[in-house]
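Next up, some structures in structure tokens.
Look at the two complexes coming up: chain A is in both, with chain B in one and chain C in the other.
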Partner chain A sequence: MSKIYKNYTAYFIFVVPALLLYITFYLIPLFNSLRYSFTDWNGINDPVYTGFGNFAKALADEKFWVAFKNNAYFVGFSVFIQVPLIIFISIIVSGVKRFLGFYKLTVFLPSILSTASVSIIWKFIYAPEAGLLNQVLRTIGLDSWVKIWLGDEAYAIFAVLVTNGWQWTGFYIVLILAAIFAISKEVLEAGEIDGATGWTKARLLTIPLIRPVIGVTLLLSVTGAMKALDIVLIMTKGGPFGSTELMATYMYKQAYSMNDFGYANAIAIVITLFTALVTLGLQFFNNRSKEDAY
Partner chain B sequence: MNNKPKRRILPHVILMAYVLSVLYPLWFVVVSSMKNNTEMFNDPWGLPPSWNLTNYASVLSNSLVIRNFMNSMFIGLIATVTTILLSTAIAYALTRMKFKSLNRIVYGLLLLSLLIPPASLLIPLYTMIQELGLYNTYFALIIPYAAFGIPLTVFVVSAFLKSIPLELEEAGVMDGLTTYGILLRVIIPLTMPTLVTVFILNFINNWNEYIMASLFLSSQELRTMPVAVVAFADKFNMNYGALTASIAISIFPVILMYSFFQKSIIEGVTAGSVKG
Partner chain C sequence: MKKQSLLLAITALVALAGCSEKNAETTEKAIASSTTEVSKPASSDPFKMVLRHIHIRETALPTLKLLEEVVQKTEEEVPGLKFTLDGVEDTVNRNVKLKAEMASGTQPPIFSLFGGADTQNYSKAGRLLALNDIMAEVGIQDSFFDLREFTVDGKIYGLPESGYIEGFFYNKKLFADAGVEVPTTWDDLLVAMEKLKAKGITPLAMGAGGGDGWVANMLVNNLMIALGGPSLQEGFASGATKWTDPAVVETFKRVADLVDKKYIDPNVLGLAFAEGQATFYTGKAAMLFDGSWAVNAIIGDTSVVKDSTGFFRFPDVDGAGDGYINGGWSNGYGFSADLKDNELQAVKAFIKNFYTLDNQARILGETNQIPAMKGITEVKGASELITMIGKQQGSAKGAYPAFDAFVQTSVKVELETIVQELLGGKIKPEAAAERMQKAQESANAEGK
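Up next, the complex of A and B:
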């Protein structure tokens, strides 16, 4: 056995191709991004080293801050609205017996559709005249609520957030549901004997017991919010007047509309740093709460 | 006792409202795809007057949709198969072979991927694809897709491999199997259900990918479905019938796969993200 598993040639053949591909497409681009972020580069001529110039530029760039604020909205919407809603619905679903499979199946569906299709579907829902939303509002007599949803600075970002929520809420519900069903029957029954039912049971038993998965949900939805790109690109292209710009779309525009590849790479590094910090922070928090649980 | 029936019904009312908000937009797309513009404005809610497939016919004949569909299939399948082969091999090496410190370094490198948002790699990748001469070829998507699938697939397959006992492999050694023989004859057959799951997951991801597909390819003949649908939406801005028909065509294969493999899709997606 040990001879079979101490085969250098085999190890080389198994490990190197995957590792090479991974390093070439994950780590080398990251390294290049870091390198170019310290340069002034239009994508064609030779890059010129400018130190922290691009990062200073970002700090002083009002449009970058708008994008940053929108990413913060995205994160805030996930943490304070979406995740509580997800937990609430998951607990309701876990309590029903009839149609359980049906609920799981339908709720999960949007998360396997492409963001491109979802964005187009919702663009269609928000369309000023034929759009589903305005049609509904007109039909129930709320004509004054009719808006040009994606063309209005005050509503566009929320319209995008709702779309993103529509796509991903069900995914997390199924994730949390799996954790709820993994709680041992004895623990729950013991709780019921002690008089914990309904929402008391949820608050005192279920939620503390699924805390690790809530942590994972927070982590995934926050990092998802940090890297959101195509949904905005397709639905609003960052408009109207830059009001829905995200860091990633701003990065994209700096590269492909402004040919400022140095600045675009600097923004990419900022996104990576934030994502890494949030991930490590939440991971640390999760590990601590896991230790608390035992 | 009095509020018992009420308590039984309330959860279903809430859940049905939620299910309706999920399904109705999709239903609306399908219904709209069978109407012309006049019918849509006059009667947005009703069923189409007849099973009118002219929108589908015009989408399929006036454009490269069939070509785009085949591109997505081809790119998605090749990239997915590559990911699965490479990931299974490396997962086998990392969980079974006796190179402790090397294994730890490789696994650590793979874990780094969790900290790197793919969107932030877009620009250096674009530069790299051009330098490698891959721009506007199938490989411009196949290779990055195959690479981006690797980390999560390795995590899921490794987790499964750790859970199977060594006895079967020991029996394989007794029968004279080599390192490769054990992988092919023992490990892969045992891992098949997991491999099917990660296959579907990777395929759906590749099928749905938009941003790289829109950046790394320029010719219409090479476009994948998501890019084609977005291009359609820009082109048929006001022709809602054709637009909704093209959306329906693009989501149909995924929904079909979902209806066949729902269980392993749900299990795979959730297991993958918890382990990752």
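Up next, the complex of A and C:
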């Protein structure tokens, strides 16, 4: 056995398949994308080198910044509304003595549905005339609150955010619940003996102890928010008039509606860079708060 | 050839004669296969060809049946040929699958193709087979109404399957209830809409939300040409005409007016194309501005207006384009330039069998679509509505294709966005015209 550990050929043999897959499906497409991002290419004819033209175009493109702003809404919604809500619900559910399985299943259910199904269900809910939301508002006499949720610039992106939140909150709750249940009973009991109950216990014991999982939750939801595409593509296709466009849907539109594959690839690279920056920022924040904790 | 193969088989037999019992079976198989090869001519070697179509919806079943019959006939005529029918949803095929195949040169031998920019791009890349010679050989070179959208530099790269015209579908019962006559002028149309609205009826159904801005563009396109004449849209790309020309500004003003007066369904931006159609065929709105492809939905099982729908062409506006109708033949079949000899034979046979007057009469009678070929004299089973549409087409001065055949894709997409803004009351008509002209100039400068 110990011989294998010293045998570098064996290492190589074990690593090669994964490495090949990584190179084929990750590195090569990424470098191809980078290559095409410096060209003017309609997807069919030969690409023409244009230097940083596509990147300059993206920086000056108002519609791209609308899309960026919407991604920022997605990230902000995740960090400031969704994650605190997830922690709050998780702490409440963790204290439930009966029907815990039922609660866990109920909150987890939306995340096993495909985004396509979730988007279509919520499109029905938001439908102007027959939609559930407007029907309920009319029934309880709030006619002035009735809106064309997905067709009005002022509400469309928030309607999409709520749908996205509804779909993924349950998944993270189950993740956080697992972390809460993994806290050793002795620590919690010791805290209780010292007088930590209710929200004091949550604030001073539970949250600090599950901080690493909260960090992962933040990371996953923020990176998910940066590369979101499917939900908008199905619910609004970026409309009305581009007001719900995300960076990824804008990239898709440039490629498949406008045939501007060069520009689309440049946007893809910008998304990768922005996501990497946000992720690094979060890592930095996580590490610092970890140091502060000790 | 035969002798040679036989000789080879005998030589193989002799060489193997000394082999053991175990090999005897293999030897027999070798002889059998050699004999089969000998008995068939070389051209009958079996070969498969993919035929990509877009008739996958239930409403397209009659169209698919017709295609299958042609496929079967062609297989019988071309020895060894076996078609594989590959049905793909139309926008997925047009925007993703075929595009990717065209980029890598792996397009199927026969595929659904759109005219205009698609045909121009693919022909420039050398992927499309020029059909002029085949059409002359089959004798259909003068049979089509209009091949402009498939023609690049005099070469024809695709043949339309059927055509369309655009106009107003109207609910006869709701018109009668509101005491409204079929309008022949724009002013009549506005009066009719006012009367309908006063009765609590939504005058014009429309679903142009999300990615369906093109639905509203049909109305814009028709109004723009009625006011400015068919040459208006032909000059945008060359700079001969501008989006800031009075006809376009007036068009935007009139559309904004329809929105302000709530003549267009106020939910327009919250509804998709099909939902807009449904508003009409469930009897909730009096009119629908759409292409003749809407007939199948309007006379479909879920429609409550199948027996009470009429059609009228765009009313006169006292402009240069009065009497012209938006219509075209923009979807059909294209063929790969990269074909082997036997595949080329199959393509010729397919064209000969598919593009016949009999089939075109069936397209009209069974699938309720406008034929692409001239000369149909007798039609069985055509619905009353499609007959009415045919009459309206016949009464027009002429037809013009949709504006996107003449402008760059980025301009088309920009118009979708801007018209959605007009529908949402977010932009003034003059500002809309200026933004359109800016988009046009930038597209002209980029040369794409």
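Here is the rule we go by: the second predicted complex is superposed on the first by the 263 of 294 C-alpha atoms of A that agree within 3 Å, B and C clash if a C-alpha of one lies under 4 Å from a C-alpha of the other, contacts with A are read in each partner's own complex, and residues count from 1 in each chain.
Methods note: a residue touches a chain if its C-beta (ideal position, glycine included) is under 8 Å from a C-beta of that chain, and two chains touch if they have at least 3 such contacts.
The shown structure was predicted, so the numbers you read here are calculated from the model rather than taken from an experiment.
Peer 1: Applying the touch criterion given at the start, work out whether A:G43 contacts chain B, chain C, both or neither, answering first, second, both or neither.
Peer 2: both
Peer 1: Now for A:G242: first (chain B), second (chain C), both, or neither, which partner does it touch?
Peer 2: It touches chain C, and chain B stays clear.
Peer 1: Contacts for A:Y26 in the overlay, against chain B (first) and chain C (second): which applies, first, second, both or neither?
Peer 2: first
Peer 1: Which partner chains sit in contact with A:S114 here, chain B, chain C, both or neither? Use first/second/both/neither.
Peer 2: A:S114: touches chain B, not chain C.
Peer 1: Check whether A:M258 is in contact with chain B, with chain C, with both or with neither, and answer first, second, both or neither.
Peer 2: Once the two structures are laid over each other on A, A:M258 reaches chain C alone.
Peer 1: Please tell me which partner, chain B or chain C, touches more residues of chain A.
Peer 2: Partner with more touched residues of chain A: B.
Peer 1: With both complexes superposed on chain A, which partner does A:N7 reach: first (chain B), second (chain C), both or neither?
Peer 2: first
Peer 1: Report for A:E129: first if it touches chain B alone, second if chain C alone, otherwise both or neither.
Peer 2: Touch status of A:E129: both partners.
Peer 1: Does any part of chain A touch chain B in one structure and chain C in the other, and if so which residues?
Peer 2: Of chain A, residues 43, 127, 129, 256 contact chain B in one complex and chain C in the other.
Peer 1: Can you name the residues of chain A that touch chain B in the complex?
Peer 2: Of all residues in chain A, those touching chain B are 1-2, 4-7, 10-11, 13-15, 17-19, 21-30, 32-33, 36, 43, 89, 92-93, 95-96, 98-99, 102-117, 119-125, 127, 129-130, 132, 135, 139, 166, 170-171, 174-175, 178, 213, 216, 220, 223, 226-230, 233-234, 248, 251-252, 255-256, 261, 264-265, 268-269, 271-272, 275-276, 279-280.
Peer 1: Okay, in this complex, where on chain B does chain A touch?
Peer 2: Listed in rising order, the residues of chain B that touch chain A are 11-12, 14-15, 18-19, 21-26, 28-29, 32, 40-41, 44-45, 86-87, 89-90, 92-94, 96-99, 102, 106, 109-110, 112-128, 143-144, 146-148, 150-151, 154, 166, 169-170, 173, 177-180, 182-183, 204, 207-211, 215, 225-227, 229-230, 233, 240, 243-244, 247, 250-251, 254-255, 258, 262, 265-266, 269-270, 273-274.
Peer 1: Any idea which chain A residues touch chain C in the complex?
Peer 2: Spelled out, the residues of chain A in touch with chain C are 40, 42-45, 126-129, 148-153, 235-242, 253, 256-260.
Peer 1: In their shared complex, at which residues does chain C touch chain A?
Peer 2: 95-96, 99-100, 102-103, 117, 121-122, 124-125, 127, 209-213, 266-271, 275, 409-410, 413, 417-418, 420-421, 424, 426, 448
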